[in-house]
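Data block below; observations after.
All chains are identified by letter, namely A, B and C, in their written order; residue positions are counted from 1 within each chain.
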Amino acid sequence: MSEAVEETMLLTGNHAVAWAARLARPKVAPGYPITPQTPILEKLTEFAAEGAFDAEIITPESEHSVMAACIAASLAGVRVFTATASQGMLLMHELLHYAAGARAPIVMANVNRTVASPWAFWPDQTDSLAQRDTGWIQFYSESAQESLDTVIQAFRIAERVLVPVMVSHDAFYVSHALEPVRVPAQALVDAFLPPFDPPHRIDPENVESWGNVVSQEMFNRHRRDLGEAMARVPAVALEADREWNRLTGRGWGIVERYRCEDARTVIVTMGSMCGTARDAVDAMREAGQPVGLLKVRLYRPLPVEALRAALAGVPEVLVLDRNYSPGHGGVLHQELRAALYGMEGAPRIRGLLAGVGGVNVSPRRIAEYVRDAADIDAGADSVWMK
Amino acid sequence: MNAAALPPTTWTTGTTEVFKTGTWRASLPRHISAPSPCHAACPVDGDIAQWIGRARERDFRGAWEILTRNNPFPAVAGRVCHHPCESACNRMSLDEPLAICKLERHIGDVALAEGWSYPAPERELAERIAVVGGGPAGLSAAYHLRRRGYAVTLFEARRQLGGLMRDGIPAYRLPRAVLDGEIGRILELGVEVCCEEPIDSPGAFERLREEFDAIHLSIGARLPKRLPQLDYGAPWVVDGAHWLAQANAGAAPALGRRLVVIGGGSAAIDVARSARRAGHEVTLLALEPEAQMPAQRDEVEEALEEGVRLVDGAMLERAAVVDGGVALECVRVKFILGAERGRFSIEPIEGSAFRLLADAIVPSIGQDPDLSCLPPEFEKQGALLRVDRRQATGVAGVYAAGDVASMARFVTEAIGMGKRAALQIDASLRAIDGRPGLAGARLQGLGTPVEAVVPFEAIAGFYHPAAARAGAPRLAVEQRLGGDAEVQSGFDLEQALAEAQRCFSCGTCIRCDNCYQYCPDLAIRRLDGGYAVNGDYCKGCGICVRECPTGSMEMVEELR
Amino acid sequence: MEKLDLVEEQMFCSGHAACPGCIEALSVRHVLAALGPDTVAVVPPSCMAIIAGPQPFSSLRIPVYQPTLEASAASASGLRRALDAQGKHDTQVVVFAGDGGTYDIGFQCLSSAAERNEDFIYVCLDNEGYMNTGAQKSSSTPRYARTGSTPAGKTTRKKNLTEIMAAHGVPYAATATAGYLPDLVRKVQKAKSLRGTRLLTLLIPCLDGWGLPDDGGLRAARFAVESGVFPLYEVSDGRRYTLNHATRVRPVSDYLGLQRRYRHLDAAQIEALQAEVDEGWERLLRRVAASEDELTAAC
């Protein structure tokens, strides 16, 4: 793409998110600081002080209040953005359910950080994965560029299906690491994101109320409606991604197959681990090993069809989870097993708890995991790795 | 499943008005028009709450029109009525009763000052009614009949109309101009008056029956009762009523300095006070103890202020001339009220004899009617002419009212009886005629008419902060005894308005909107100048009834 | 007596599910009428949320947003900012929250909103307990009151929300009750004329929770004011105190005697409550006097 529609800046993942939020022109942006999300919030207030971010920034006393403000503002018919991490995400949990039930197309950036207790600040995806039942669409980003692009795409997707979206990237690896990022021009983003004009809103000129208690039948039907909306997401996400690709030359897909052709083993993972795994795959391929990577970018709704298509005919799958669900192991591992269950010629799937709590996982380590995978009983629950 | 028929799961589309919460209740409120206790006690059924309501709105004309619907003598009554309304007034349970009597006087005085007159009758009827006796009962009957369009001829034995209002009540209680003004206003309606034309024989009476379609007898009770222990032929005994009639005409009988007036009623007090103005030293000897004297409290107080010496709870045993005057041998008695008005018994108290010295004795112990002029067919009840509750005598077409037929010896009682008789005459004549008579029913306000009198508990006290009853000063005693100046003054405008504000308006809706505003379910709406309860939504909580400041609502149990 | 002079437009509907005689419904009726149609409401879980009607029916003629119980002031903030972002600066945002959602679980975000001086009117419908869930205690429940979770009587005193909000320095904090309806309406109109965080605490006698007859709510409210249990007053900018009803004409026992929730009290407890009220009243009078002094000194 020509320089006229994009500018290259050296940005951290968090600042890239801040740029995305600025370009998307939300009208209300509540926020509460928490390491390692704070640079997003601070950057937005800087933009606002310069007059470059025309949103009502609210700074309530907690993340729970942040999300409460988001939902109400969204239902009043305006575009809303916020960001959080870890404890803040957990504190919002009640309201994440509320937002999805409200069909409020909020976009929230999340910095994956360990959840207490004990206290720590390290990359770990348990915070957002623990929200998998809340009804939010979830993306996991590997890089600053991807975070910027995904946050912008998120508004388009959310507003089309009326379901909130969270975009997560790992603490420090992505949030604080600098990389060159192509930042699109405002006009490009304006063309990509139509104005938000929901069919219902809180508006004294057209009186309708939201939140009145419902019957059993209504609740049941409401959940089905949400389910139908979720079911449309993969197609809507792909459409948005195609359009984005047309405008910027960058497309990310909802899953990405990297060097999976004739792979014997495919590593499956999310977030920054994908970057490490790419390096490991390149090295192994260099050494003649038929290994590939399947990056899961869209996690909710779980893109079952895409996953099955991507792993069809692959003999071995190794899932790397930088998260842990006590009593059942790694989340991606569990879900992938369930997604591929009953598939003709389903791969043998093994899951490794790699990087839980933020422990470093190097490309060499990944190669070792692949090498030693056969020692793990396929079909067993996730296994802890050093 | 037809998705179009199912309601949306979020975002409302309608209101809760689809839920008819009226099904919840067990009782329903209703707006009522109920008699106020003042009205129930009033001898003329005075629609008091309604006219006070008009006065409160500064509509004195409207107040006068309601007042005179029942009573053509507001300025008179406002001075001399015994105001049973005030004794019944619900406000008494909060602070002090309304000064209804003085308010009536104010309205009456304004009407006289403004020269307001009654409207001409809507139609002239053919029937002619004879009213015999031009006192309060007769004038009241004449008034009510004339307003309904009857031709009325009023026969009066004396030279002037007014009866005891003129002869019995002194000018310092009832100025002549006021009395003449209110009588004159009645006559302006077109009453034929025949003064100095007594109907004093059965023959004269029969001629009336031939000439007129109905007769109203209000010849009063002008035969003085006599104390058997007194010689009424003696020059030092003058009957009180006679003394008073002379005094009111400006010619008090010449008697010695010291007078003993015997009696405890208003007439005796009037005699005593007039005698003081005529320069006498006056002792009032009353059978009853002071607290039980039939005279009004005000009158007793004023008499005492004017130097009347009261000897109560005592009776005269005998009187005789002695050196230096007349000696009255008296004894203290125990006074026991009887079951009926006018009945009592006394027990002399042993060893309590005492003597009074005087120059003359003026007994004023009441009067009886003179029924000798009537044909024998009329039934009597004791000394009175017998009438039923509608003032009908046993003789067809003849009605009676006032002192001739009742022991309720008050001006306003007489006015009330005259009205009842007039209404009954009208009803009976119109029944023959086929047209309905004009009902003299209680003036209806908004709401369903009910009979039960409004109790104090029905009044929402919160809306009536305590406020002292207005008072008007009395003339200083020195100024009183010099002549005939009116002793009690009336209200000024501010006082009248302030006093009218104190009225609870018992049983008469004043459109305060409380019921409308205090309903949590918006189940009362304004309708046709009043209110309507919306049975679709009313849950029967009763707040409206509780908040009604006039007691014009009640809950009615619903049986469904 | 003076006829009520209130606005005509009714912004509340019949057919709602409030108990017969409910003072909350009555209060909201008049607050809504005073605010008018250019208003949106926030109503958390509470009796009011039920009174607001079951989907798809509403009993309010303005838009209502129902948040979670602890989030009223935060939600109102979001709603306010969204309206401002759309240029609707004059649309009033009003919260109708119970004492549970205000004094307790909702307190944190209210304090935060007040610190930011967010522009909304917060009406606390204070029936002194979690009435909608069966009358359990809240920190607004007075001492000795029997509730579903304090069957022997609450041992601690009621929190003073107005003073707490005054300490936040909000532009306007006031108490009111439907028992003194013209005063309540005046305060709503006053709040409507100001900007920033405005708090009205309405005393709502709860018939079922307090043990009152269906038509007994207003009398209980009046006795609360007349005994000094619930003084009617206003605080502007956290400093200027105005006492609206300056006399106490009845002892606390009159007020307590109306309610089943106090039926178990003995003489010593009643005396203790009278002392508590007396002390609170004296303290309030001192604040009023101090603020008058300050005003005079400033002149």
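Criterion: a contact is a pair of C-beta atoms (placed from the backbone, for glycine too) under 8 Å apart; a residue touches a chain by one contact, two chains touch by 3 or more.
Every value quoted in this text rests on a predicted model; they were computed, and no experiment measured them.
The largest tally of C-beta contacts between two chains is found for A-C. Chain C has its Cα centroid nearest to the centroid of all protein Cα atoms in the structure. Computed centre separation for the pair chain A/chain C is 44 angstrom, with centres defined by C-alpha atoms. Chain B and chain C have centres, each the mean of its CA atoms, that are 52 Å apart. Rounded to whole angstrom units, the spacing between the C-alpha centres of chain A and chain B is 92. Residue positions 208-212, 214, 218 of chain A each touch two or more of the other chains. Counting partner chains per residue, chain C shows two or more touched chains at residues 53, 55-58, 61. Within chain B, contacts with two or more other chains are made by residues 7, 9-13.
Listing the residues of chain C that touch chain B in their complex gives 1, 3-4, 6, 10, 12-26, 29-30, 53, 55-59, 61, 181, 214-215, 217-219, 222. Partner chain A is touched in their complex by these residues of chain C: 37-40, 42-43, 49-50, 52-58, 60-68, 70-71, 73-79, 81-86, 88, 91, 108-109, 111-113, 115-116.
Of all residues in chain A, those touching chain B in their complex are 102-103, 200, 208-212, 214, 217-219, 221-222, 225.
In the complex of the two chains, the chain B residues touching chain A come out as 6-7, 9-13.
Those residues of chain A lying in contact with chain C across their complex are 27-28, 30, 55-56, 58-62, 64-66, 68-78, 80, 94-95, 98, 202-204, 207-215, 218.
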